[in-house]
Amino acid sequence: MSITYLEAIRAAQGKALADDPRVFIYGQDVGAFGGAFKATKNLSQEFPGRVLDAPISEDAIVGAAIGAAVAGMRPIVEMQFADFSTIGFNQIVNHAGAYHWRTNVPCPITIRLPGGGTSGGGPFHSQSLEAIYAHFPGVVVMTPATVEDAYSMLLDAVAIDDPVIFFEHKFLYYHLKAEKLPTEAMPTGKARIARPGRDMTIVAYSAMVHEALAAAEELAAERVEIEVVDLRTVKPLDTDTIMASVARTGRLLCVGEAWPYGGVTAEVLARVATEGFDLLDAPPQRLNAKDTPVPYHPTLWAAHRPTARSIAVAARNLLRL
Amino acid sequence: MVQSVVERSVPVEDAPLRAEYIKAFRGMLLARVLDDKFASLYRGGKIHGGVYLGRGQEALSVSVGLALRPGDVFAPLIRDGAGRLAFGESILDAVRTYLGSVLGPMRARDGNVHRGRPLTGLLPMLSHLGAMVPVVNGVLLGHRFKGIRETVGATCLGEGGTSTGAFHEALNQAAVEQLPLVLVIANNQYAYSTPSSRQFACHSLVDKAIGYGVRGHSLEGNDLEACLTVVGDAVARARRGEGPQLVVARLLRLCGHGEHDDASYIDPALKSAPFARDCLRLAEERVLAAGWMSPREVELWRAECVQKVEEAVAQVQREPGPDPYAEDWCALASRHLSEGYHGA
Amino acid sequence: MVQSVVERSVPVEDAPLRAEYIKAFRGMLLARVLDDKFASLYRGGKIHGGVYLGRGQEALSVSVGLALRPGDVFAPLIRDGAGRLAFGESILDAVRTYLGSVLGPMRARDGNVHRGRPLTGLLPMLSHLGAMVPVVNGVLLGHRFKGIRETVGATCLGEGGTSTGAFHEALNQAAVEQLPLVLVIANNQYAYSTPSSRQFACHSLVDKAIGYGVRGHSLEGNDLEACLTVVGDAVARARRGEGPQLVVARLLRLCGHGEHDDASYIDPALKSAPFARDCLRLAEERVLAAGWMSPREVELWRAECVQKVEEAVAQVQREPGPDPYAEDWCALASRHLSEGYHGA
Amino acid sequence: MSITYLEAIRAAQGKALADDPRVFIYGQDVGAFGGAFKATKNLSQEFPGRVLDAPISEDAIVGAAIGAAVAGMRPIVEMQFADFSTIGFNQIVNHAGAYHWRTNVPCPITIRLPGGGTSGGGPFHSQSLEAIYAHFPGVVVMTPATVEDAYSMLLDAVAIDDPVIFFEHKFLYYHLKAEKLPTEAMPTGKARIARPGRDMTIVAYSAMVHEALAAAEELAAERVEIEVVDLRTVKPLDTDTIMASVARTGRLLCVGEAWPYGGVTAEVLARVATEGFDLLDAPPQRLNAKDTPVPYHPTLWAAHRPTARSIAVAARNLLRL
């Protein structure tokens, strides 16, 4: 038996619904249809009345989730694509994000955002928006890179008393497989050493973890041992694990699929430069998507985002510094 | 879609609503006195930021607060001082929030009209107009999930707020889910300085009801009896499971947008329209004319209001403001997930 | 607010609209042939990303395109292949965008239905539903400022798109500004898998018109004559300065949401409703019955369409895709302000 | 005669309207009333029909501006507060930002956002959102700190063929004064040395420039010479000027009124760490607002944002490193 990243997300939602009567799911086409990506397949049949189809009203969807949370529920919102969350932006960052701080009442909502690029997705079905959410106070931003994390972090997200922005990567949905679902997991907020190494640290998250691992594999043949850190949660950022890794390797490359300006990679570099300056044997580097919209055409798209190849090139350059 | 249109009510000699009317009038007067105090504190430089009053809108607002009961949810807006008090908000909560006492519900983190106590059903507003409507829907959905029956959710907007996408998405959402939402629109002719002619082009905002498949009600917002009747009817219908109710009241804002604003843009012609008459004065005339209260009773109540408000203000002025050194700057409820990282 | 409701039209023996009807029918057929080709290219794995067809919606869409003229502005949506062609989009533009040719208007940067040529009045859609409506308003405002008269702006939405805040804000904006906007709603019963019962609760979407203070029109969207008449009337009224027009058509989507979708969720009962009949077949029956075209003429035109489409596809398949090394990754028009900084 | 920051903004709009028939102004209460802050005072009287009151519809306001720009106009949009731009977010970042890249047709709109904190403003009338706009491709983000820049940069903004997000700081509106309006100006995209010094570089923008200058003044008494760089435009970021200053001083403190995560300060630190690592004599530092909503109460507010005092403390600490 093997289970995909997407199935893990479905399974986590099924478990959350089964375990906790406060949980419900709200989003476009999530009901009988099972969602645009089938992440809620069969759930409306298994849990009648608890998986609600929403109108095309992202602002009202998030607003209602906030109200339900205040009334004691644990809503999971599915946006059809992360890109459409820009319509629910105000409710997410201003209302949900500030709720606990203003009122002392928690606002436990989980917003599932199918994000990241796929071939042919184009400018508005490919975005990686983690940084704009992480910029705001009061939210937790998760970016699971593995099947196991997709499962256990989503369960965590539902359990957490704060708004969680859960970026699931569409590129990983079908391709990424695991043997079985985990029974235990690292705590939220802890990064993971996805591959140990001593010559350089590559910090990555979401789909980029796999590109980084592939690059590390490639460089292993050149007798370079790269440590890959999977952030798992980009906010809070596990600065300790990053710093400990950089202390071992002396070199840092941070990779993100999002745009560079003010991205997660900028935040990681800023923190390491500030707090780990003396650990560095070379200037820290980052690799991001190009600063243009995400292109539609596969060959442009492949050049727009970081890939194992471009990461390997950047890593080799960094080793030479 | 059926529409109830109540025109100016004809005074009934001894209406059965006598007790409710008196209660409402007293609530309106208290709200006015509190508002006046905020205005004078503002002029005296005692309040940080803006002050937003409900002058001229008390009849409508108080009716919303009175029609609700414990367990219901209310998301008032900037002109709902009267409705808040009627729903059960304390004078202290209002004063503490305006004066920035840490003992207030917002603990000096948020101010003025941005106050509430979500767990008692009083939702603190987001500044962004329209944003409260879907949140009320969500509370009602939550009640439905939890099997809590016969609760109603009410929220208020100005006519300007109807131009927001949030209003539209949420009213439609309530209609699709058949939620017991009562959405009260105070068409006070202006959104800040913008007249209705630059805000919408329909004949009356109540004409929107049919396009959402909800019941529409319209009334003169300075007529307390009409407000009590129509809002009461709308709330009762929502409670009975008849789905969302859209109430549209016509009135005039009898103050500036905020106390910094002299409202010199208001068309003088409007000021002499019947719907522009002060609802509080009309209600007072009515209780006196009907002999429901004597002039002395009114004066006693006014004096009592002043005393309550003065006492609250005096108490709050002795209360501590926030101590920034005691503040731990943690936005998350899950403290263990707080980075505590502020870039410093 | 006045509302024109046109029910299914009674065929007139030799209607004055004969020439227009034939033109429209030919446009519908071309659009269908092009759509079929996209579907087959998709099945053959020749197209990256999704394919969205207008099958069953050609009568409505073509009517919009035909009612417009040079200088007008048109913001089509995902099911407007027919309207695009009628408005003047070339087959090549469509094919190049789907196949990712750099010679296409979007230069392989954007794909499928996200195409247009703003300077010819054909606005490329944003994916976010409803977002095109205010942009059309803006073009019309621009025309007003520039003294360009009697131009019209048309845009289409599905019934699902009416739930967006963008739709609401923009229709209200058009009404306040009295812009010559024609907003055409294709109520094809589903938004992806979501039936109208989970999308809105009003009796008919045309009931929204009065709440915006705009004229509403409703019709059966598979009746080409009704489409030509009603859409033509709406466009003419907008052009005459009668302000925004809301057109609501009832029909059924005769394909999946995209070609990846088998649409198995569509209620079989709906499929046998009169409004679910294929508009193209109805139009063909009509041109044949009226003797406006002979069967052979129809077949010749169909063959010609196939040939045009095949030629375009063959040509585009020989055209280059984008060269990432030639791409300078500059999002700004002001190249001197581009940082050229990509974090690498 | 003296002219305030706010008057400069009004004057620039008046000049833009007078010089270019393509310019018009659109926003809530901007007409006869002259705007919530009076930034368009008298303009509707001086330019009849060209200053339009908008409904409370931020999404449609920006959408219409985009359409008008495509039709050849040069709209200036006023949002009543920067915070409300979250409602127009989708049109700004996705539609306007991607327009030229997708269509090859420019989208010259200027969006004026009265931003930043003032005493008693509270969580939703105080935000500094420059970083979330700068994260997106295809926009220019301006943050003028002086009366002269408020004037000349706004004129530039209108002239530029791209969407410009123009953050004007409410705290500077009335307090900041100049003798007269400038007749020439630095080009957009160039940072300015607001105060020369050789011991440390403080990079700041918008209202923080003045806090930084006050801190520099304070430290001057301690014989420390601080160089203050005013970014003027946060995107594009004038990395050259920053780097040249750091080359002179060896020390960098970057100050922003926005939240830290992925803020402009993170971006500046990341770039300096990457490209100017060897120029640094000490770890680069940053100072930001606390990672919570902006508090209403003045004493909380003063502790939430960087001030001359906290900047001076941070600067002294950095000098000791």
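The first chain written gets the first letter, and so on, giving A, B, C and D; residue counts start at 1 in each chain.
Assume a contact is a pair of C-beta atoms (placed from the backbone, for glycine too) under 8 Å apart; a residue touches a chain by one contact, two chains touch by 3 or more.
All of these numbers come straight from a predicted model, not from anything done at the bench.
Visitor: Average the CA atoms of each chain to get its centre, and name the chain whose centre is farthest from that of chain B.
Guide: Greatest centre separation from chain B goes to chain C.
Visitor: Could you put a whole-Å number on the gap between the CA centroids of chain A and chain B?
Guide: The answer is 40 Å.
Visitor: How many angstrom lie between the CA centroids of chain A and chain C, rounded to a whole number?
Guide: Those two chain centres are 36 Å apart.
Visitor: From the C-alpha centre of chain B to that of chain C, how far is it in Å?
Guide: Averaging C-alpha atoms per chain gives centres 44 Å apart.
Visitor: Please output the residue numbers of chain C that touch at least 2 other chains, ranges allowed.
Guide: As it turns out, chain C has residues touching two or more other chains at 106, 109-110, 114, 126, 128, 163-166, 169, 172, 176, 198-200, 330-331, 339, 341, 343.
Visitor: Give the residues of chain D that touch two or more other chains, as numbers and ranges in rising order.
Guide: 54-55, 57, 59, 83, 86-87, 90, 94, 97-98, 101-102, 123-124, 137-138, 235, 237, 259-261, 263, 265-266, 270, 285-286, 291-293
Visitor: Assign the assembly's chain-to-chain touch graph to one of these shapes: line, ring, star, complete, other.
Guide: Basically all the chains touch each other, so complete.
Visitor: What residues of chain C sit close enough to touch chain B in their complex?
Guide: On the chain C side, the touching residues are 1, 163-169, 172, 175-176, 178, 197-203, 205, 207-214, 243.
Visitor: Inside the complex, what are the residues of chain B that reach chain A?
Guide: Listed in rising order, the residues of chain B that touch chain A are 73, 105-107, 109-110, 114, 116-119, 123-124, 126, 128, 131, 133-143, 145-146, 165-166, 169-170, 172-173, 176, 330-334, 336-339, 341, 343.
Visitor: Sort out for me which residues of chain D touch chain B in the complex.
Guide: Contact set of chain D toward chain B: 28-29, 31-33, 36, 53-57, 59, 81, 83-84, 86-87, 119-125, 256, 259-261, 263, 265-266, 285-293, 295-300, 302-304, 310, 314.
Visitor: Could you please specify the touching residues of chain A with respect to chain B in the complex?
Guide: It is residues 22, 24, 50, 54-55, 57, 59-73, 75, 90-91, 94-95, 97-98, 100-108, 137-138, 140, 160-162, 188-189, 235-237, 239, 270-271 of chain A that touch chain B.
Visitor: Given the complex with chain A, which residues does chain D contribute to the contact?
Guide: 83, 86-87, 89-90, 93-94, 97-98, 101-102, 123-124, 131-132, 134-138, 235, 237, 258-267, 269-270, 272-275, 277-278, 280, 282-286, 291-293
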